[in-house]
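Naming follows writing order (A, B and C), and every chain is counted from residue 1.
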Amino acid sequence: MLSRTAWSLYWLGRYIERADFVARLVEATVRLDALSARPAGEAAWASALTVTDSEEAFAATGERLSQQFVARFLTLDATNPGSIVRCLDRARDNARAVRTALTREAWTSINRAWLIFNNRASPGGAAATLNLVEAVKAETRGFEGAIHRMMRNQASWFIRLGQAIERADNTARLIDVKYHLLLPEGERVGGAIDRDQWTTILQTVSAVTAYRWLYSEGLRPGDVIDLLLARAELPRSLAATTEEAVEILSALGKRTGLQGEADRMARMRQARMAKTRSSEVIKSGLHQYLQAFIDENALLDAAIARQFRFTH
Amino acid sequence: MEPRGLWGFDVTMGKRRAFDEIWGTGGRRRPRKELAELARWIEATPASELSRRQHAAEAAFRQLGITFAVYGDADAAERIIPFDIVPRVFLADEWARLSEGLVQRVEAINAFLDDVYGEARIVREGVLPPDLVFGNPQFRPEIAGMKPPHHVWAHICGIDLVRTGPDQFWVLEDNARTPSGVSYMLENREAMIRLCPELFRSFRVAPVDGYTDMLLQTMKSVAPPGAGSSPNCVVLTPGHYNSAYYEHSFLADNLGVELVEAADLVVDDDVVWMRTIAGRVKVDVIYRRVDDDFLDPLVFRPDSMLGVPGLIAAYAAGNVTIINAPGTGIADDKAIYSYMPEIVRFYSGEEAKLPIVRTWRCREPDALEYVLDHLDELVVKLVDGSGGYGMLVGPTASDEEIANFRAALVAEPHRYIAQPTLALSTVPTLGDKGVVPRHVDFRPFVLTGASGVQVVPGGLTRVALREGSLVVNSSQGGGTKDSFVLLGDEPEVRA
Amino acid sequence: MRLSIDHLTRYRFSQPQARIVQLLRLTPSDTDDQTIVSWRIDVDCDARLREGRDGFGNRTTMLYIDGPITGIEIAVAGEVLTGEVDGVVKGTLEPLPPALFARSTDLTRADAAIAAFAAAARGAPRAQLESLNTAFAKRFALSHARPDHGLTAAEAFARETATPRDMAQMFVAAARSLGLPARYVSGHCLTCEREAERPTTHGWAEAHVEGEGWIGFDPSFARPIDQTYVRVACGLDAAQAAPVAGSRLGAGREWLDVDVQVERMNGGEQ
C-alpha cells in the first residue's frame, strides 16, 4: 500500500471520529444547558470549548458564550478547524484521495455526512441543533458499519487505527476537563447539578446504559472515572482504545510484516493500563495521569507515522 | 474531459437535412435498412419508458460519482455528464473501414514523433517547414534524442471524428497527449446492458470491456528492458482535485494498479520508486494523466512542485516508460494536423484512409487570400489556441467581429488556420418531447504497444443536446451516448 | 591554450533536508576547439551520481542525496586544451537543428524595446550580430552582482546595468527578433571570471548564420569567443543551460555560494 494512501486512511479515521465526538459533545451540552432542571448556561459551553481545545479560537470570534454561538462555532463554523463541518471536510478530502481503497458504502456515508452541512448557515435552536448532530451521528454510525463490513484488509485497519488513536485522545480530554469543572471545592458531591453534569459526560461517550449495567450504586464520580478509564467493556474508555490500538497494530503487522516502535509502545501502554486502578489514579492525581496519557498518545501517533512511512 | 472549442456551425442546415445515422437523409419513413430494427425499437419504446431508463442510468452514475465538476463546487457531488439512452450504431463494414484508417493514422503519428525527436527526416526532406515543427511550443527540445521503448510514443490516442454522410468520416482532431473519456465509454456500456438488454439480443454488439485488459497488456509490452517479467505499472494523477480524477481512479481500479501522485514517487539513481508503507517499490511503467509541464521540475517547469524531480533522467536512462511519452503534443497540434495527409504518405507510402477537414493554412499567401475573401463562411482558429479561444465562426459572427478578426489575421497570418463549417451527422436522441435528431461527434480510443496498433470496437459519442447545436462539449450542454459497433455476419472465430 | 578550472558550488540549508535531487550541467564536451584533458566532480557527502545527456546534447550529471543534510559542496576540477577559434563553433553535438533556436522562451522574449534596439543593427546577418555584440556593452554597464534567475531579457533591458547572464539573454532575444537562431551558452572564461569580485559561471551567446554555422559572441565584453573560453552547456535561455537545477525535500531557506577559478597552465601552447 502507498504510504500516502495509508496516511489518508488513518486521518480519515481520525477526522470521522473527531466529527462524531464533537457531535456528541454538542448534543450533551445542549441537554445540560437547555434541557436539565438547572441549566448550566455559560459554564457548560465554556467547558465544551475547553474539551475541544478551542477557547482561544472562539474568543477571537468575539461572540457571546451561549448555545447559539458556541453550537454554531463547533458545528458549522468553517473557520474553526475543530468544527464538525471542517472535520467532515477533511475526512471527505482524505476519502476522495483514496477512493479506490474504500467501498462505495463507506464513501457514500462520508459524502452524505458532508452534504448535511452544504449551504447551512446556522444550527438553529436547541431542537434543531439536536437534529443536526443526530444526523451526523447517524452517518458516522453508518460509516462505522461500512468499515466493519469492508474486507478485513489493510485499508480498514488503517481507518480503525486512526479512530482508536483519536478516540483515546478525546476521552482523555473529556475526563480531564470535566473532572476539574465538576468537582469544585466545597460543593457537595452528588447534588442535582452533579447528576446532570455526570450524565452529560456519559452521554458524550455513549455510556449511560453501560454505566447502569456495570455500577449499581447510582451516579458516583469515582465509578464514572473507573468506567471511562479502566473498563474495556466500554468502547470509548481509555482501556478499550488502548487495547484496540494494540490489536489493530498486530493485525497490520501480520498482514504487512511490519512491526516496530509503534507496536512496542502500544503494548507497553496496554500492560501498564492493565495494572491501573482508577481509585489510585484519582488519589495520586488524575490530571497528571491524563496529561501523561495524552502525551503518550501523541507519541504513539508519531511512531505510527514513522513505522508506516507516512512522511518522507 | 478537456474543453474543446466549438466546432462550427452548419450553414447549410436550413437548406439541406443533415445526414442522420439511422434514418439517413430520407426522413423518418425510411430508415437505413441495416438499422431498421433499431428504428423500430425507438418507435416502439414509449418516450416515458426511455426517459425512465435514462434517469436510472444517470442516478447510477451519480452514485458512482462519475463527475467532471471542479472540486469545491457546491454541486460537486451532483454534476454528471448527461447520458442519452439511444445508442449510436456503427455497422461492421463501416467500422472495419474506420479502424483501418485509425490504425494507419496512429502508426503515422508514432513514426512522426520518433522522427521529429530524432533525425527529423520529414523536415530535412522538405515535407514540413522547419519552423512549424521546431518553432512549435508543443515540440519539446528537452527530450530530443531520447527514445521510448519499441519506438512507441503515443500509446493511447483519442482520434476525434465527425461524419457527414454514409461514407464520409473526417478527422477533426488527434488527441495524442492524455485523451480522456474512456471511463464514459465503459460506464455507458454497463448502463446500456443493464437497462436495455433487449438491444443486445437484437444486435450482436462488439464488447468494449476488454479495453482495460488491452491497456494493461499495452502498458506491460512497452516496459523497459530491465523490468523483468511482471513490470510494475502505475497511473499518475495530478490528484483528487483534478476534474478528471474519477477517470483516473476508475482506470487504476480496473487495471489493478496503484493510483499515485507525484509525491508518491521518488527518483533515485535514475530509477523511479513509489513510497509504500513497506518501503520503496520500483516502478517500471507510468501511465501519466498529467501534462508534460508537470512531469519533472528539473527539466520542464522549475516552478512546478507537482512533478517528480529526476523523472526525465530516469526516462532518458531507459529505466521507466512514460505513457504517453513526453513531447507527444507536437503530433496533435492544429498546424501539424493540416499536414497529416502528407505525414501519412511520408511514413506509410500510402494515401491517408481517413481524410482531414479541408484546412487553409493562412501562412500561405494563396490560402490567406481565399480565407480573407470567405471569412463569413469559415471557421478560423489560432493554431495554438484551445477551448474556443482565438476563434472566429464566420456564419454566426457579427460584421464587427469579422472586421476585427480580419485585422488580426492580416497582422499574423502564420498563427491561423481556417476550415469550412460541416454538416455534422445526427443521431436520434431523447429530448423533452420524444426522440429527436441531435448532432454528434465520436472519439474512438487507439492503443499502440510493442506488437502494434489496436482499436477498441467502440468509443465515446458526444452529443449536442440542444436543437441545431453543434457544440458537444460537456461544459456547454453536451452529453454522451453508448456507441455500438456491430459484429459482422460471419460467426467469429474463437481461438 | 591549457586552462585549469576549479568550480565550487556550495549550498547550505537553514533546516535539514530529507532528500536532494539535482541536475548538474557542469561538464564540458569535447569539440573541435576544446579537448577535455581531465575532469572530475566531487561531492562532500554520500551521493549517487549518474551521467547522461539532455535534449540539447549537454552532458549532465544527476545527483541524488539522502538526508538529513544541511549542506552540500560540489567541487569541479578539470583541465581543458583550447585551440584558436575563428568565431565559429565546430564539432559540437547537435541533436537539434538551428531552426529550433529561433523560438523564444519566457526568459528571452524580445519586447518592442529589444526588437527596436536589434533593428538598428544593419547589414548581412554576421555583420548584424557583430554590431549587436558591441551594442549591449555600450548601452549597459557590466554588473558583477549575483544574477537574478527570474529576470527576463525584457526586464533586464529596462535597467542600466546588466550581468553577463542578462547581457547574453538580451543578445539572444535581439538576434531572434532579427530572425536569426540564437542560444545561451554557459561556461568559463579566463579573463572574465578573474575580473569579477565574486566569480561565477559565465554566460555568453551563440547565433547561427546560414552557411557559416554557430558563432560565439560575448556581449558582456563586446568580443568574439576565443581560446580563453571553455564551453559547458547551451540552451534556449539561461535556465536551460544553468549549471544546477535542483529540488530539495525539506523546509527552510537555502544559501548558495559559488566560486570559480580559471588559470592558464604552462606547457599547453600549440
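The rule is short, and it goes like this: a contact is a pair of C-beta atoms (placed from the backbone, for glycine too) under 8 Å apart; a residue touches a chain by one contact, two chains touch by 3 or more.
Treat the numbers as computed from the prediction; the structure is a model and nothing was measured.
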Most central chain, Cα average position: B
By count of C-beta pairs in contact, the leading pair of chains: B-C
Interchain centroid distance [CA atoms averaged], subunit A/subunit C, Å: 60
Averaged-CA centre spacing for the pair subunit B and subunit A, given as whole angstrom: 49
Whole-Å separation of chain centres (CA-atom averages), subunit B against subunit C: 41
Per-residue overlap in subunit A, given as positions that touch at least 2 other chains: 312
Per-residue overlap in subunit C, given as positions that touch at least 2 other chains: 19
In subunit B, residues with contacts to at least two other chains: none
Contact footprint of subunit A on subunit B as seen in their complex: 63-65, 71, 74, 77, 239-240, 245, 249, 252-253, 258-261, 263-264, 274-279
Residue ranges of subunit C in contact with subunit B within the complex: 19, 21-23, 48, 50, 52-57, 60, 62, 64, 66, 95-97, 99-100, 102-103, 236, 239-240, 245-247
Complex contact set, residues of subunit B against subunit C: 120, 123, 130-131, 133-135, 137, 139-146, 266-270, 297-299, 302, 309-310, 313, 316-317
Residues of subunit A that touch subunit B when the two form their complex: 1-4, 6, 93, 96-97, 99-100, 104, 107-108, 111, 115, 118-119, 154, 256-258, 308-309, 312
